[in-house]
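The two complexes that follow have chain A in common; it is paired with chain B in the first and with chain C in the second.
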Partner chain A sequence: MKLTTTLLATTALSVAASAVAAQEMTIVSWGGAYSKSQKLAYHDPYSEKTGVTIINDDSSAEAVAKLRAMNEAGSVTWDVVDVVAADAIRLCDEGLALEIDADTQLAAAPDGTPASEDFGDLLVSDCFIPQIVYSTTFGYRTDMVGDTAPTDVCAVFDTATYPGKRSLEKRPINNMEWALICDGVAKDDVYDVLATAEGQDQALAKLDTIKDDVIWWSAGADTPQLLADGEVVMGSTYNGRLFSVIEEQKQPVAMLWDAQVFDLDGWIIPTGLSPERQQAALDYIMFATDTQRLADQAKYISYGPARASSAPLVGQHADLGIDMAPHMPTDPNNAKNTFLYNYEFWADYRDDIDAKFQAWLAQ
Partner chain B sequence: MSDTTDSGPITAADGTPLKRSLGRALRQQKLRALMLIAPLLLFVLLSFILPIANMLMRSVDNDIVADTLPLTVVELKTWDSDSGELPGENVYAAFVTDMVAAIDAKNHTKLGTRLNYESTGMSSMFRQSGRKMKKLDPVADAPFKEKLIKINDGWGDVEAWREIKTHSVRTTNGYFLNAVDMRRTPEGAQSQPEDKRILIKLFGRTLWMSLIITGSCILLAYPIAWILANLPMRTSNMLMILVLLPFWTSLLVRTSAWKVLLQQQGVINEILVWLGLIADDGRLVMINNQTGTIIAMTHILLPFMILPMYSVMQTIQPTYLRAAKSMGATNWTAFWRVYFPQSIPGIGAGSILVFILAIGYYITPEIVGGTKGVFISNRIAYHISSSLNWGLAAALGAILLAVVLLLYWCYDKIVGIDNVKLG
Partner chain C sequence: MAALTPISRKPQSFVLPIVAAAGAFVGLFFGTANGSGFMGMLGGAAITAGLAWIYFNVLKNEGLARWISLAVALVLCVYLGGVPGVILGIAFGLFFWWFSYWLYEGRYRARLLPYLTPGQVLWHYGFRIICGLIFFFLVSPLVPVMWLSFNAQDFFTFTPEMLRFDPDGYSLKHYRDFFTNNEWQRSFKNSLIIAPIATIISVSLGTLAAIGLSQSHVPGRRAIMAILISPMIVPLIISATGMFFFYSQIGNFLEGTLGFNKNFVGYVKVILAHAVLGIPFVIITVTATLVGFDRSLTRAAANMGADPVTTFFRVQMPLILPGVISGGLFAFITSFDEVVVVLFVGSASQKTLPWQMFTGLREQISPTILAVATILVVMSILLLTTVELLRRRSERLRGMSPA
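Presenting the complex of A and B:
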């Protein structure tokens, strides 16, 4: 009798184990150098530990639209999705992302600090598990700006001193803020001004002065390419992409950290998953956002880890062997003049301003 | 044998009348043929007809307002939107009840997004009010009129309520009106404000640029097809590979290659500067504008023009030209009066193919078109994947489909579709 029970139990266990071993997981992210850093820092160790096969899908740019479509069709094929904070807030508002309890569902710091304190203010939404702090900032060609290298973000709007094309992102976020700052609006008042129709028109009018000199980008890799080709004299993109142009490809490009806009990127888990898949996704998140894992990612790309406890663990680049700390957007030298991005404002006003901006663009 | 000719209808070997037996055999044959094509038929039905039908439905479907605010919509029916006065407390109370339920189901932001397509500002209003209205109790906290206006002064604006009332119908023409730069208002269809009128312009640009692309394809492809058709087989096969090679190369690779060639620090500009034809500071702008789109798309669509032309020209007997010349025609007359008319079916087929492909092109204009060289399809993609205004995207798609069908019909009337030969 006892033998039978033991036999049965072992069989059941081994069946369960093989079911887990054969498990697959689809993780959605941004592609390029960023996905690579996630693969090396999170996916590979996780697969090794659990035997779960991780499939990468580079669809984060369309995550909101696709999740909405999947939700409508009643079949969600993604397990974990990497999105920026504003998208996470939007997905959470629409009930498309799972709400997470940071203290029970995320790993505590090694010294026992609960996750909610370790992440602190960066937990901007109930559904959002922050991963990195990145910034959107400008890079410029050192050989195309003459003797006076730009130090001020308003150089972007100064086509007389810095002739040539500029590349800007094909969406209003950040561009509207920079336009207002360079049109004389005080940094603290930017979002108050931008909440009014007149303020939005003012920003667009400022952007109008350089409209003919702008190449609009939609993929993070566009500006680095344009800078490397010498097609643009300066352009905005994510700081990690500029790091790879400057340090890895050794192009004559320099960072213009002035008025860099901090933003967050992190995970959400879609709603509508089966209980097993949801549990697997939570298990992955618990592993991938612990202190060591977040610090590991910074070895491959110059984005700051979102946990306070990860910061001291950030070391050198895995291949280049250079110190990563001075390349982080949060380094004091780089963060002399930063602009605080207002997630709630953009979650509320994104539809409004996007419609106006796109109409302006098409005029 | 003699028995059957004598009495009754002709029968088959098993005694059944021949007519019926023949009918059965034919029916079986038809059934077998149908079964052979059934997989393809099902595939076309499921992957082509159904999605198109679904898309057409989406362009008029507008359940969201009535589903999210059922009580409000009923109460608003009795409110006169032209009175210029705010609706009464009954509407506000119904609205709070609806909103509390919607906030609970997380539907209110979707509704805000929907109404924002019509009047910018609604999305932020719904999102901001949603956060504060969550705490209201639909019974205990009445009356609501003052409270709502305090939460967001937008609720004290007649326009907001007019907007909700106008778009509360379940089947709407609103998306189609938006697609032609008009808007649905209580007073009927009106044109959009100046700064929002862009779609008609984009439709026009799409048609116009597709025509230019088709025209330049004809001009480039005709001589190539002629040479291919008139050279000896061995050489023409060699040349044919040169035509087909780019055809087999990935679209993205070819488009990106044009980027390298056309940009200001690109190959063409470098050569022109080196030759001294243009100054270093006067480099030509050939990309991120209409020129870029036209050049890249002409190149990408060229094989679709050459191949039908070539197969038609191959069938034209060279003896006709010789006969014309022997009867005293000049080279030009022989070409224009004898050869050219026979090659028209090839031009027709190629033009239809290129034009219809061009009008719906998305990826090439997106990469090389900048803001001035993009097509209506790029706008559709924007509404599908970024603004999430699927209704408008569906309406734009439906219009594009109708335009293509109309052009096809015109072509059939003018040139005749029987005149088209693909090989």
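Presenting the complex of A and C:
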């Protein structure tokens, strides 16, 4: 009984304490090194400035489903949510994300350029505030590829020169494009071809040639683990994960930047917040997406800041002290041959191609 | 134990094939690790059977044979496996020396009843081997988890340094991370708040329900029992979805209408949800102990003037306490291990340890998870051992007391 009383008292105390303390804010993100970089670059300075306590919820992977459920239940517990651009577009269409006016609700660049120009084309949705440009690209084991290191994405399909397993993401996006390019389709025609049933079959047929050698991944941490184990000779994942494997974990892995696919990640504010919470969320967004903050994040992780004005401010890695610019997916040396994730195409064709892809996987 | 049966030497035609088979079995693993399983089997069989033949026919000195076995196994293991082979070498050397003589001298019959047929003797040992294999099957997955938690790298990988037992391959950094990282500490604290309170609620409610349902005059008791147990049977994900909508309403009411703090409401929601999951365990264990409870004791207590509450706490409760405690333990573990419901019902400030492990596993495969798992395993072992020791102690005390 004494234990019960003590426990109840402690709970009551801790609850009371948090009621006295300043306001809290729940920010949803992806977890791991990425959340850590946001904490160091955005959350900590913001808490210091305003006294708001920020709680991290690593639920971005199921953000769309959870926001729908929360909205239906009428209790939205999230204040700011980090999602990829495609999810932001969906949430915006469903009315689950707040529309933002870039020029009045986001900070202008230091030289006075309005935010809408500073972000430029990256504002792919009215609700979406871009934060980083990341890419999905390949890494390979330097000790398993023999004397000629791969420089071309088609090395993935060349099992004769580079025998061994490869890891690919368990979804059609990106894989289909790479398959077509390596099957001789010109880069500009890829989406025209992929829009036809024959084109989809062509891509699947190309993937079929390496199906036995593929390990399919679904979490961003899988390929780094497989590469570190030497279980795969090459594999696709997000470039920041590969940076961590190469520079922080010192594994014998190198980047294959060829045909990397750019994608955007950024913030949305859910609808259905109380006016005070919405104001607090807008205040946070204004702070966290200004030029300096976005450049600061690049100190901790190798994703490119979404503002044009942040690029010149990118400096050195906070712990390793190496220049971050050459590790950015947007660096000219890395960005010789790139793709931008085609939101419109995949919004239109995703369900069809997904079904085909899953059926092919199950064969 | 004293020997039951006089023992005699066995023919070598019986001993040598068995020793050779065991040697082949071990050799298979060494052979596979070094390229050819078949060669390993042949080699293992030849070495063990050959040594046994020399011992029995040439050497005839058991003490000396032990050192020879040990030396041969050590040399082989170190040659094939490097420094870690020392431990294996010592183990295999001693085993094969003991095994050969155990068979040859007929010692395996010493502790069995004299009239057992060979088939029964075989079954006696076969049964033990099967039990050992089942135990191995259940426990062995934990061993790599504990081993890997000391990895010096940030991957779930046995590095060459680890396999060589090189101190550089090991580190306590994942344990350090657990104890210094805010996220882990906060979720650990949340688990320590949520699990005990949920346990107390489910133990009180579950015990009351079990006592009520054990009365024969309660109408529809089977139906009520089935409903109360349903959280255990319904797939967790279904309960979790239902609970999400149910507790969202309650939460809105508590927060909006009654004006409670958001955090406090969050804890209330998760604790209530976990209490619901724990109640079936308490009901089942307490109902089971109530079967052996003598109803005339409560009537006797009433006869002597005790009111029902006094009767419960002074007479009934002490007798069904083992059931209550084990039900409570199950309820505690349920809450402490639970990830699905808390993912739905809780918000980030109620993040529990399993939730943190779940996201950690999905987003970054970090060995900190293994360190936490190891700590939890050690904690559970300590908890269960303590409860078992306390139970034995109270049994002993009760047995000695003059009641």
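Basically, the second predicted complex is superposed on the first by the 342 of 363 C-alpha atoms of A that agree within 3 Å, B and C clash if a C-alpha of one lies under 4 Å from a C-alpha of the other, contacts with A are read in each partner's own complex, and residues count from 1 in each chain.
In the analysis below, contacts are C-beta pairs under 8 Å (C-beta built on N, C-alpha and C of every residue); 3 or more make two chains touch, one makes a residue touch a chain.
Just so it is clear, the structure is predicted and the values come from calculations on it, not from any experiment.
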Which of chain B and chain C A:229 touches, first, second, both or neither: both
Partner chain(s) touched by A:221 [first = chain B, second = chain C, both, neither]: second
Partner chain(s) touched by A:359 [first = chain B, second = chain C, both, neither]: first
Touched partner set for A:26, first chain B, second chain C, both or neither: second
Contacts of A:56 with chain B and chain C, given as first, second, both or neither: second
Touching partner for A:127 - first (chain B), second (chain C), both, neither: neither
Partner chain in contact with A:348 - chain B first, chain C second, else both or neither: first
Interface residues of chain A shared between complexes with chain B and chain C: 229
Interfacial residue positions of chain B with respect to chain A in the complex: 105-107, 109-110, 112-113, 116-117, 120-124, 127-128, 130, 195-196, 198, 201-202, 263-266, 288, 370-371, 379, 382, 384-388
Contact footprint of chain B on chain A as seen in their complex: 62, 64-66, 68, 90, 93-95, 165, 171, 195, 197, 215-216, 229-231, 347-352, 354-356, 358-363
Chain C to chain A touching residues, read off their complex: 153-157, 183, 193, 196-197, 200, 244-245, 248-249, 251-252, 261-264, 266-267, 347-349, 351, 359-360, 362-366
Chain A to chain C touching residues, read off their complex: 3-4, 7-8, 10-11, 14-15, 18-19, 24, 26, 28, 30-33, 55-59, 61, 69-70, 72-75, 77-78, 219-222, 224-225, 228-229, 249
